[in-house]
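Across the two complexes that follow, chain A remains constant while its partner is chain B and subsequently chain C.
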Partner chain A sequence: MSTDVSRGSRARHDAEPARRTPAPPAGDLIDSPRFQEAVKVALANQQQRANLRHATTTIRGKRARVVAELDNWQELRQAGEQIKTRVGRHMPDYLLQFEENFTKAGGVLHWARDAEEANRIVIDLVRQTGEDELVKVKSMVTQEIDMNEALEAAGIAAWETDLAELIVQLGHDRPSHILVPAIHRNRAEVREIFLEEMGRYGTPAPEGLDDEPAHLAAAARTHLRNKFMRAKVSTSGANFLVAETGSLVVVESEGNGRMCLTLPQTLISVVGIEKLVPTFDDLEVFLQLLPRSSTGERMNPYTSVWTGVTPGDGPQAIHLVLVDNGRTKALADPIGRAALRCIRCSACLNICPVYERAGGHAYGSVYPGPIGAILNPQLRGTASEVDRSLPFASSLCGACNEVCPVRIPISDLLVHERHKVVEAKKADPPHIPHTAEPQLIKAASWVMADHKHLEWAGLGTMMGSVVLGKMLGIEKFGAMPAPLSRWTSARDVPMLPEQTFRRWWKQNRGDQK
Partner chain B sequence: MTATITRKGLKVALFATCANDLMFPQSPIATVELLERLGCRVEFPEEQTCCGQIFTNTGYYDEAMGSVKNYLKAFEKYEFIVGPSGSCVGSVRHQHEMLARRDAGDAIGDRVAAVAARTYDISEFIVDVLGITDVGAYFPHRVTYHPSCHSVRVAKVGDKPLQLLKAVRGITVLDLPNSEQCCGMGGTFSLKNPDMSMAMAGDKARNVASTGAEYLVAGDNLCLLNISGVLNRTRAGIKPIHLVEILARTEGGN
Partner chain C sequence: MNAKDEILARVRMALRDVPTGEIEADAPIDWQYGQPVEVGDVLDIFAERVADYKAAVVRCSQAKVPEAIVQGLQAAKVTSVVVPPGLDDGWRQAITQSGMQLHVEQPEAPLTNTELNEIDAVVTAAAVGTAETGTIMLDHTADQGRRALTLVPDVHICVVRADQVVSGVPEAVARLKPAVLAGQPLTWISGGSATSDIELSRVEGVHGPRTLHVIIAE
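The block that comes next holds the complex of A and B.
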């Protein structure tokens, strides 16, 4: 993986000398292959699987330990659910209340319908400062709207300052996890990326850098220091917007966020409208739920709260771009809207057996894992192949439901999104390829609607199996041709028994009643 | 806990489930024999077919309605409906009402919800309704138990299957590493995402083999089909068995 990446990046350096920041992989995420195709590549990457297995197992254990410490964990989850549900129900009121208080405190609010509008606003705001670079606090929504590339195209360099985001950016890569974007990398790979790339974009990695985590972190710190000291503009997301006070809240682990939020003159925050909470007191719930669910810590190391402009202290120009980008559409779906409760903790990714083996890139989205599988089809729709495949990227095991701090019934929403994909398929739009599935399901539905149909179908299948078994002299089915090979290429299947339960009942208990 | 004695002669409708009916008849047969041994009167409403989750979970809500209505017709007159599958019972309890209200309105939805609430996985019925954990079974073997995802997270049977299993005479129950992780079956998931499903089944099979058990036990035969399919291909020599088939065995019996 790492050699592929560095090869690719070298080629790109030659082809595009004009870029300011490292180029991400070519192509749009939305054009990603279907999940089940992408998974084949991911499963064949043993390095990534080992990295993910180790990282998710560790973080799952940490989460379980700190959650078990709280007697009222289930009550906290309920509170989190109810507060977020209330926000969804009264979204317009809370947005207006927030706008009023944020503006009163000296902030400037900008409304953005979609990614394009949000990016245009940010570009204009940066240009007004006369600057051509900025430092970034880690933010999912800026990934969602692909802000870095929009800025790059406008001649503005956006530097990631979160350690893992820096690894991803320098590695010409994409994030593969909400909280730990470089979770698919191990320290040997990180060292190679730092040695190869840091010098091209600023302070180089120290000579003789080894892969000790502390040394890698020190190299990142040195590399970023210059950028922090130089930056006049920063961008951030926010974990929470408090309607009652007009405050923004960012929780983080490294302190890079605090640097970005305090040093520059101009701070531009880009935030999804669902990040609202009604009151400051509500933070009491979420500042317990979030760190325990995401990093497995009782409390995150840095919590920054800011309310407008404070003269002589911190940024003197405070902007907020409030982004819809599909959220009101999701809100209009009475079942699907539960996904908007998400506080981006990643607990569902870390517990998911599919994510653990697939990694984040297979989801073709900045939101991977179970939450991505329900959020993307809502935010982006189901016009693309990858978005249509995501609701099916789950065995519906339900492990995610149990860890979600705001009790999103993720597997129910997956089924709900599957239903929407099927309805779209039935409506027969020309962009969806035809398959035999709807007809097969219809036939099976007919069989199951009446026990007589089931008996005939069962008898036929059973006789086929028994006759075939006798003819071939076998006691189980081994490899079979497609599409059954999807099952039998790795598993044996027993022959059907010679007698159904129904027949047994008739023969042994049939004279009852 | 309800005293056993008051429950003697209880009338129970068996929900065999379609997969068990056609592919694993030994499990509903064992369910009948076990319930009769525990003093119940078992009936098998022959109108029954399937819980419909293969349709529901693939996104075909309309197509699931035949199964939902059929379930109502077959079981509405019973007070206790018992099936040897956490997954099918879970689907009835968790999905039928939603499907019925959506398709047929609240009058049918209320009736469907009421029947669903009277539907039990065999382990719940024995422990909660009959109030028994020691069913008098005998099974002198080393086993390991896979708590199927839907039995734990949809039907929410908790540790009832393990309570029943541990009370079996002669048995050794070995801990299964990573037991709570899905085996990768997931109904049509195994066909729609075959590579991922195999990777999950492979890991589960390795964990099962690491226990040194002779038997792999679960409350859902389709999970057993998935895991034992891999175990069998690798000649691991570990046999799949449904929980109820162990509970049905007595010393000197069959």
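The block that comes next holds the complex of A and C.
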């Protein structure tokens, strides 16, 4: 692994000397292979599987402990669901209310229909400052629109400042988790990357750096300090936009967010339109749900709230780019729009047996895991191989439904997206035959709908993901036609141990509330 | 059509199945806002939960605060201190008398980022303390100062008055709302800066102050 890292980067440096920031892997994510293909590569990577298993097991335990502390957790989840549902169903009101309050407070609002428009706005704003670099707070939407590469092409260097994003950027890599983007790397690999790459882009790693996480974090602190001190421009996302006050909220751990939000003169936030909450009071719900669900803490180390420009405190030029980029398409589906409630906590990734084995890269998107398998085809459509394959990247075991802090019915939505993929295939028959898939999906969703059905189908004794496809395929449809075998092979992907479902659940997820 | 109009048109089109104008009836929210949470003794739990984040916690009387501040600074072995313009006079004098180099931030002539980076410690008051989560909330008014002050120096000594401590996040949000409506930024601090990005093991001390020292004034 480590040798691959250094070899890859050297080759790149020879080929592209003009770059300012480390180059990510070549190619566009949208051209990724089908999940079921990509996962074969991932499963062969023993190191990554071990790293992921260790990390997700740890974080599941932490989450379970802090969730169990709150007697009203279920009421909080319901409130989270209801608040986000209100925003989704009445978005025009809240968008306009937010705009009015944000603008009144001295912020400048920009609207972007798609990724290209958002990137163009950011590039123009940076150019107006006369700067050619910026520091960046970790943000999913800037990953989604591939902002770093758009900036690089415009001659602007965007420096990631979140530790995990720094590991990914310096490692010429892609994120594989929405909260801990370098979850697939262990300490030895991180050390290797820091020693090899830091010096090329700023303060080098100290000589004799070992692989103690505390020492690695200290190396990152030193490497980035300079960049923070000289930065004139920064970009961020936001976890929440408060319509009532025009405020933005960023939730973080390391303080790199505070650095970016406070020290530069110009702050450009890029945020999806679904991040709204109606009132400031609503934060009492989300700032309980989010930290406990995501890092498994009672509260994350730092939360920043700002409302336009504060004279004498922080950036005096405050911009916000509100991004659609497919969200209105997701919103137009009365069932599918529930996915827009997502607050990107990553609990559904951490509990997912498929994610734990496949890793984030197999999803071919910045949004991996169960929610990614829904959001990607919603936001990007089903024109690509990878997006058509994603709704099938699940055993529908339903563990994600139980942990989601805004009660998104994830497995129902996966089944719903499967229907949509099948419908799209029908409309375009020459490319992909569909034949028996709709019936099979219907049967599958009925079987998975509750545990009685599960037991009826014999799934109480054997793990469903393996058995279901085979059983239905053989008993109902006889010899499997080509498309069905593809479907069943997709369902074999998780490679779950063949033990009873109940025992598996107890051992693996029984600690969840 | 400009981008704003087009996005709004897309949103309205997407929501054509939703009745407009009856927000509360269409999408009810059952939650009771601003309620206290059951934590037992608010100050005890606050002290315990702040300490859970490996921050130092000292409880003392109002009168002993200046002394506690100086002790905290000495324990952190600092030589230079910055304080916001509105910090209590008595606290300020105690720092000066201890022989440490004190800089009182002047809003008309603020320190540059680099100058601030040269200073070891910052001493501030707070706006709210939240027991259940062990969180200190700043609203950056005069006794806390602008955000950079409590961010760049490596040691933060923060004095929280007993009457500022509430049970949980809902009460805290309710207390902070007037400041937000007045345009103030907020910083919520739960322990020192930390990361879990390497193998999910928590490491204290990344970019924010690596030492957080909390004094509860009763």
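The definition used in the following text is that the second predicted complex is superposed on the first by the 428 of 513 C-alpha atoms of A that agree within 3 Å, B and C clash if a C-alpha of one lies under 4 Å from a C-alpha of the other, contacts with A are read in each partner's own complex, and residues count from 1 in each chain.
Here is the rule we go by: a contact is a pair of C-beta atoms (placed from the backbone, for glycine too) under 8 Å apart; a residue touches a chain by one contact, two chains touch by 3 or more.
Since the model is a prediction, treat every value here as computed from it, not as a measurement.
By the touch criterion defined above, A:302 reaches chain C but does not reach chain B. In the superposition on chain A, A:258 contacts chain C only, with no contact to chain B. In the superposition on chain A, contact of A:187 is made with chain C only, not with chain B. By the touch criterion stated above, A:130 is placed in contact with neither chain B nor chain C. When the shared chain is aligned, chain B comes close enough to touch A:422, but chain C does not. When the shared chain is aligned, chain C comes close enough to touch A:331, but chain B does not. Judged by the number of chain A residues each one touches, C leads among chain B and chain C. In the superposed model, A:208 lies in contact with neither chain B nor chain C.
Look at A:285: by the touch rule set out above, it reaches chain C but stays clear of chain B.
Within the superposed three-chain model, A:27 lies out of touch with both chain B and chain C [touch as defined at top].
Residues of chain A that lie in the contact sets of both chain B and chain C are absent, per the superposition on chain A. Across the interface of their complex, chain B is touched by residues 35-36, 39-40, 43, 353-354, 357-358, 391-399, 401-402, 415, 417-423, 437-438, 441-442, 444-451, 453-454, 458, 461-462, 476, 478, 483, 486-487, 489-494, 496-497, 499-502, 504-505, 509, 512-513 of chain A.
For chain C in complex with chain A, the touching residues are 2-4, 6-8, 10-15, 17-18, 20, 23, 26-31, 33-34, 38, 49, 52-53, 107, 110, 113-114, 117, 130, 132-135, 140, 146-148, 151-152, 168-170, 172-174, 177, 180-181, 183-201, 203-209. On the side of chain B, the complex with chain A involves touching residues 16, 18, 20-26, 28-29, 32, 42-44, 46-50, 52, 54-61, 63-64, 66-67, 69-70, 74, 95, 149-150, 153-154, 180-182, 184-202, 225-226, 229-230, 232-233.
Put simply, chain A touches chain C in their complex at residues 51, 54-55, 58-59, 71, 75, 78-79, 82-83, 85-86, 89-93, 95-96, 105, 110-113, 117, 161-164, 167, 180, 182-183, 185-187, 190, 213-214, 216-218, 220-221, 224-225, 228-229, 245, 247, 253-256, 258-259, 261-263, 273, 280-281, 283-285, 287-288, 295, 297-308, 310, 312-314, 322, 324, 328-329, 331-332, 334, 337.
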